[in-house]
Amino acid sequence: MEEEEGEILEDDEFEDEETTRDLVVPGEVLTEDVKNFLPGRGTILNDTRDKIISLHIGLKQINKNYINVIPLKGIYTPQPGDKVIAIVTDKNPVKYRCDINAKDEAQLKPKNTARRIKARLGRGRDYQRDDSNTDRFEIGDVLIVKVLSADRLNKPELTTVGKYLGKKNGGIVISIDPPKIPRVIGRSGSMIKMLKSLTNCNIFVTQNGRIWLKGDDIAHERLLIDAIYKIEREAHTSGLTDRIQAFIENEKIKRGIK
Amino acid sequence: MMDVKRVISTIERKYIINNLKKEERVDGRGLWEYRDFKIDTDMVASAEGSADVSLGETRIITGLKYDVGEPFPDLPNEGVCTIMAELLPLASPLFERGPPDEQSIELARVVDRGIRHADCVQTKKLCIKEKEAVYILFVDMYVINYAGNLIDCGGVSTLASLVSAHIPEGEYTENGIEWTGNYLTGEDIVNELPLVLTYGKIEDIIFSDPNLPEELVCDGKISVSVTEDKITSIQKSGAATFSLDEIRMLGKKSIEIGRELRNKLNFWQYKVKIE
Amino acid sequence: MVLIIKDEYPEKLFREDGKRLDGRDKTELRPLKMEVGVIENADGSAYLEWGNNKIFAAVYGPREVHPHHLAKPDRGILRVFYRMATYSVFDRKRPAPGRREKEISMIISDCIEPVLFLELYPGTAFEVFIEVIDADGGTRCASTTVASLALADAGVPMKSLVTSVAIGKIDGEIVVDLSGIEDKAGEADLPLAITWFNGEISLLQFDGAMDVEEFNKCLTLGKEAAEKIYQIQLDALRKKYISIQESVSGSSNASGGEE
């Protein structure tokens, strides 16, 4: 059976010891001690360079001498290496255009959908690359892809070549705020493992806020979807994994499912 | 449930259809079940009637204003009620700026016909002086969030704002129209409580109150307006076809659902009493 | 429109007891409340009630620019669309956007742009839609205030919020936060907005007649009033998350700590 596990991403930032539950807002002064602290992610030095200011509504985090703000909401910014769920929105003979829930549309070129097929074709040829056209995928297809390149000025480039990548048949895709994806995975994958085992669903969690899931029946899928939205809503609180586990167990009883 | 800020994917479409075939809907409702309605009326201080109605996550805020003008020559002692709708771009990434498009015109016209043919508004009571001066009521729907089924939400929002009306009563004098000190309220001008009920059809399954993914995936829709025991207007849209039996079934079902919903919503609680 | 009840203004804008017609002191704000995250579909949204003003703001972006020729290759653009519902004013407004709405849209856009980092989003647009459901004086100030909140709700990086308020002169006296009647019947109207990252003014208009001393007083009172409103904006932003924290802390395991 195909393994559906999403790659374990970096440690759940929300559960780090250094992330406080301090909610900060845009413009808020995080510290005036600019000698000992440096502005990290989601922060900036003010014009007179004597204060570090938050750029977002988010959670304050201190990591060594960097002050960071983990935003609670925000658009997905593609980074090379990211695994994301793409939806084919258009295609022409030379490329596919895909929606990856980012500010720009992404591109998937046929050469990046190539599959190596071992086939005896005789005359010494023993594999065939299928990279010449855009016949493999259709508009509306859901693809698990990897981001090959992305920068400020060019459209992101994608590939379906790789482990676990490619088209999905069946299942359903939901979306949550991209910054909250680490919470669905949990520290060392603790949350996603719990979700999978309790709802008996396959889940693939990706960086652009999209989650693919498939279960035994719609009742289990619905429960999992409700649990994921609850994680999204409560992402900034503590004790989340236990609370979600309790939620799922209670709901199973209430809804009469195993 | 599903993110519909862009094109619906093939697997989402299959998911909705396969589950509907088992009479399951993604949000757990039965085929004939409505999402919850939330109604608040008379909140807009500048309007002579208003209603803020949510059907699930679809939200429409409707307001009522009046003008005084000459009646139509063929209806010299009747006032006029005109209904308009705006699909605000703030309500959905699917809505564009600009003048009313097909979808907003459909919303306004379907709701309008449901109201008109039920004789909902007592247009004779909107007459100040025959042939000279009648009320012209403007009922304007503004969509604040779009999550499917604008028509049914708009219908309830329009009806609730009419029921909550408090229009200054005018009398015709030689100095023009003067205020009598009284008001025309919903009790005076609303005669019937028509409800418009929309069904979606996907392949051969029909269901009530399509939410957004269902609406984007469905092959066609049909809206039926009903009073307590009459069907007063119908609109079929989309490329799907309906069999005669299906239409007969929907006619009957609409009267039933209409009664249940009308009972549950209890519109008369929104009428305004002015001292 | 023919109005049966006429839109008439009282002669005096102060009562016998020295208070304004709605019972306020000269520097008192009208009741003001705000909420974020009110429109599901939007990337960020907020709702405000200020006196009888009721205004929604929703942010979409960064997203593609339509029409395409408006896009800038090296930075994003901010587009603000301020609109009023037909029923938001006593004398029904025509549905199509008028010149006043277009002017106000531009002013709000210029006012908010300084706090954004548009250079991070080349070729795209942030679109802010403002819909006034009920108007009661100072709608441009209220709209700016709620629009800034919607942007923060969207998670867009901002140097700070922006707060706006109108100061004016009625019956010879300088007052803060003009109501609808005071706006129409008063002698002067000064809407202003402050960007908090540098404490400077990013929106400023003035209509009326005032001497220099009165004008300076307006600016001072304006900044003080804006500070009060700013706190209400921040509370609204935080409240959405704090209320969730509070509601779950009751149901968390006492042994918490370890996830």
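Note that the chains take the letters A, B and C in the order they are written out, and that residue 1 is the start of every chain.
Criterion: a contact is a pair of C-beta atoms (placed from the backbone, for glycine too) under 8 Å apart; a residue touches a chain by one contact, two chains touch by 3 or more.
Since the model is a prediction, treat every value here as computed from it, not as a measurement.
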Practice problem: Any chance you could name the chains that touch subunit A and subunit C both? | Solution: B
Exercise. Starting from the Cα centroid of subunit A, hunt down the chain whose centroid lies farthest away.
Key: B
Practice problem: By the contact definition above, name the pair with the higher C-beta contact count: A-B or B-C. | Solution: B-C
Quiz item: Taking each chain's centre as the mean of its CA atoms, how far is subunit A from subunit C in angstrom?
Solution: 35
Quiz item: Could you state the distance in Å from the CA-based centre of subunit A to that of subunit B?
Solution: 40
Quiz prompt | Cα-centroid distance, subunit B relative to subunit C, in whole angstrom | solution = 31
Self-check item: Per-residue multi-chain contacts in subunit B, two or more chains
Solution: 5
Self-check item: Two or more partner chains touched - positions in subunit C
Solution: 63
Exercise. Sort out for me which residues of subunit B touch subunit A in the complex.
Key: 1-3, 5-15, 19, 22, 24, 26, 28
Self-check item: Touch list for subunit C against partner subunit A, complex
Solution: 43-44, 61-63, 73, 115, 120-124, 152-161, 196-198, 234, 237-238, 241-242, 244-245, 248-249, 251-253, 256-257, 259
Practice problem: Would you pull the subunit A residues touching subunit B in the complex into a rising list? | Solution: 87, 89, 99, 101, 138-142, 168-175, 210, 218, 222, 225
Quiz item: Considering the complex alone, what residue numbers of subunit A touch subunit C?
Solution: 15, 21, 23, 25-27, 42, 44, 46-47, 53, 55-58, 71-75, 103-104, 152-153, 177, 179, 186-187, 190-191, 233-234, 236-243, 246
Self-check item: Contact footprint of subunit B on subunit C as seen in their complex
Solution: 1-2, 4-5, 39-42, 45, 52, 54, 56-58, 60, 63, 66, 81, 83, 85-90, 92, 95-96, 127, 129-131, 133-136
